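In what comes next, chain A is part of two complexes: it sits with chain B in the first one and with chain C in the second one.
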Partner chain A sequence: MSAVDFSALAEQFTTFYYQQFDQDRSQLGNLYRDSSMLTFETTQVQGTKDIVEKLVSFPFQKVAHRISTLDAQPGSPNGGDVIVMVTGDLLIDEEQNPQRYSQVFHLMPDGASYYVFNDIFRLNYSG
Partner chain B sequence: MSYRGRGGRRGNNNSNGRNNNSNINNNGMNQDSSMSSMTPTSYFSNSDSQAMVEIQNWQGGSKEDLINFINRKTKARLHQGQVSGSIFKANVSINDGKVLEKWSGVKFAGGNLTIKVAYPSSTGSGFSGANGDSSTTLNAIQILEQFIDSRYVPQASLLNLQNMKGDPILVSNNLFATASTSSKMFPALMKIVSNKGIVVDSVDLSNNNLQEITGITTLSQAFPNLKNLCLSDNQIARIKNLDAWRHKFPQLRELILVNNPVVKEPGYQNEILKMFPRLVMLDGQMVRDETQIDNLRFPSPISQVFFEDDEIQNLVLGFLGTYFDLYDRDRTQVLPLYDQESMFSLSVSGTSPRVIASDAINAGPQNWSPYLSLSRNLIKVTTANARQTRLFTGPEKIHSVFQKLPATRHDITQSEKFSIESWRISGIRQPGDTAIVIVIHGEFNELQSKNTLRSFDRTFVLIPGANGSMVVASDMLVLRPWSGYDAWKNTDTAKLQQQQQQQEQQQQQQQNNVIVPGAPVSNPGSAPLTPQSSGTPNNIPAELQGLNEQQIMIVSQLMKETNLNAQFSRMCLEQCGFDPMQALHLFRQSSEQNMIPPEAFIR
Partner chain C sequence: MSAVDFSALAEQFTTFYYQQFDQDRSQLGNLYRDSSMLTFETTQVQGTKDIVEKLVSFPFQKVAHRISTLDAQPGSPNGGDVIVMVTGDLLIDEEQNPQRYSQVFHLMPDGASYYVFNDIFRLNYSG
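Then we have the complex of A and B:
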């Protein structure tokens, strides 16, 4: 078992990620690397630059994420990577009915910090 | 089925360093270190000037560390060092052996080494002695070798050890003369046989009057990859009498315990299945269908670049088909896919309101109680202890949680109801190995008195196991109220349209790729309902302007079921206060009376 508390890491990561996303998603770039891939619904983009471009291109002005479930497992006993699985609500602009989404992050250690190796986002509609 | 592999068409982009290691993978992967006891290095065939050392309790460090340490501390030189189970074995000279013996108990990597030295002739007190007398020692080894030769059937890779107390060789040499000699005999026998380098797939220990396995536990060290074991006609009374072998034979396929009192113990079969996760036959009965599991092979090597996506797609779809078939029929059948380090956890999202079900789909009552005590939703479960205990690790714990979950049916033949993504990574358990991550979204029926439909998201991490088998290293399940599959069911159609639009209007490409809030694409003939950059859904078809998200959803549902177009579906629903059941009723009534004009239907 990894020495890292992967559950606490998952909480910290998702809190930070969604806060940053909701405030200013153009600043999320340093969570990705050039090997990172974002699968957003049916499209896939790879690399920090393209991923940030993709995130910024979303047509909404205001967005808020609300997590319903969060779970995490160490990806490997020794490797230190962590798989984070989230479901939650997405409140977009003035829309009152939230979108339901599910998202999987595969986090890889990189020195003292972590980066998002894979990011898989799916809308589930009003689940 | 919407399927996306990481990288899609851009196979070259998969070369992000970590993915290109499969050549390295295959070394080490197929090489099971425990198999080394099978390699034909027989200490006894070596010259008499060699002694054999066995070191235990060294596993705080690596094998290389140990060899360096021994060399530095004792100046003894180890030859042909190899690892067998938890034991490190090597040949040494007689003199070095005598030196080494004195170092037993020395501290190494956080533990105290146990060092035993066995000598080939009358030079010392090895492990084999019945009474320490050197001539007896030699004789005992020779007798046991003779006995093994008489009992080994090479054509069948069978070691027939039945009724040893009636064996003329052992009896005539008084090996059963005292309790002391008989209790030492089996461990000695095991050491000798594992050093002979013979291939043993099957061991027959029937009719030995065994009450428990204390005297024969070393069988699992000698043959960790044993496939068949017969223990019939003994006196083994309790399952706990077999505890020393729990998870010790990861490849054991068949076990026979007939004519032992233990077979009458309640829960016998279930408990045995937990102990031996790959067991297929128990007492002559098939307890698992191994053909399906065996068909799940981890590809080796995983081919690179261009064909990679197809190969992984086939693998992933094959895995999911087999997995859910077995999982739904009898969850003990999937246990062979989980090993000691495998993890499973689930989390429940019971709070979201579900889609209003039409009469065609009865989503049933939402009762989450069977799941809640198992849920590891980190938002709700905050104590370290609960987080720890709800992360189920190893086949035994995973088995017990699978038994607690209500029976299910995942109909993945209805491929439009599932969405799958997968990608490859390396280094999950060992540096350089390749793993496949699968994320699947879909639905299942809960088979209780009344069918309940639920949605789920599940993440699997697959890694290669011994001999190309497949291991589920991680399994994470999220359960949600049923929310349908509109979100992805028309992905292919949407994609095609998107591509056409891209060709025509490259400028709009970005906007067409984006998130689709609220508006499911339910009608293959209609364009995807994509919002424009203002964020307000003002590109929703004119017929549906002014409706809220929920209402659009219901309209889509009705369009799907009746083939009415958007305008008439909306009209129909507005007359019924957006009650889908009532609207469907009204539609049928009007249809029977031929009151619906042809232009009301989708062309």
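Then we have the complex of A and C:
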């Protein structure tokens, strides 16, 4: 569908992103830009500074993301951007029961690397 | 974040899309283009014809989508495209227990309307 190996890119990105998030989420700022948007549950913020502030504000001490499904598609006919959808489990502090979540990343090319333009995160509560 | 009321657009689109899907999904073709991509679980198809064939091939007779969460963001700084993430419940035939799902739509402007460029659908199985 595209010259870019968007599936490999999506895997590399999400692996790095969640490792960094789970280890020290205050360091995620270089993956965003001032135009980037984060929707976390019902909260919307824009820009690197506000996004990192939001991520750091979560009250948990320990967190681990486990990816269940990872799907990617090129996000435009010729633009080199990539749409990624993740579903997975979130393990928080000493909780035994993981919480299911869904997350979308829209990755934009920036020179030789990519940044997150769109980030939408939702916990999946039982219906 | 954008001059387009992307939240209202996302609500209108998803309401129309799921009503049409649940009523007669063979008629969804005019929402896609030949460049459009659909990832449905582990299957990837491209183009209006293959996407509609895939949607029509599902073995269920009756289906109903119920939206739990709906989030939207402008998909580019100036492009007018919109990223939508839906989580919801799928009720199939006479099943009493809904299945949770997550779906992403990337809507591209096309004159006065929009079409689906990216469509990624996953059922959320328990972890």
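Keep this in mind: the second predicted complex is superposed on the first by the 123 of 127 C-alpha atoms of A that agree within 3 Å, B and C clash if a C-alpha of one lies under 4 Å from a C-alpha of the other, contacts with A are read in each partner's own complex, and residues count from 1 in each chain.
Keep in mind that, in the parts below, a contact is a pair of C-beta atoms (placed from the backbone, for glycine too) under 8 Å apart; a residue touches a chain by one contact, two chains touch by 3 or more.
Just so it is clear, the structure is predicted and the values come from calculations on it, not from any experiment.
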Touched partner set for A:His106, first chain B, second chain C, both or neither: both
Which of chain B and chain C A:Thr87 touches, first, second, both or neither: both
Partner chain(s) touched by A:Ser57 [first = chain B, second = chain C, both, neither]: first
Chain B versus chain C as contact partner of A:Phe117, first or second or both or neither: both
Greater residue coverage of chain A in the superposed arrangement, chain B or chain C: B
A:Ala10 touches, of chain B and chain C: first, second, both or neither? first
First (chain B), second (chain C), both or neither touched by A:Thr69: both
Partner chain(s) touched by A:Thr39 [first = chain B, second = chain C, both, neither]: both
Chain A positions touched by chain B in one structure and by chain C in the second: 35, 37, 39, 44, 46, 68-69, 71, 73-77, 81, 83, 85, 87, 89, 100, 102, 104, 106, 117-118, 120, 122, 124-127
Footprint of chain B on chain A - complex, ascending: 7, 10-11, 34-35, 37, 39-44, 46, 54, 57-62, 67-79, 81, 83, 85, 87, 89-90, 92-93, 95-97, 99-100, 102, 104, 106, 117-118, 120, 122-127
Chain A-touching residues of chain C, taken from the complex the two chains share: 1, 35, 37, 39, 44, 46, 66, 68-69, 71, 73-77, 81, 83, 85, 87, 89, 98, 100, 102, 104, 106, 108, 117-118, 120, 122, 124-127
Chain B residues within the chain A interface of the complex: 2, 4, 6-8, 10, 13, 16-18, 341, 343, 345-349, 351-355, 376-379, 387, 391, 419, 421, 423, 425, 427-429, 437, 439, 441, 455, 457, 459, 461, 473-474, 476, 478, 480-484, 486-488, 491, 494-495, 498, 510-511, 513-518, 520, 531-536, 548-550, 553
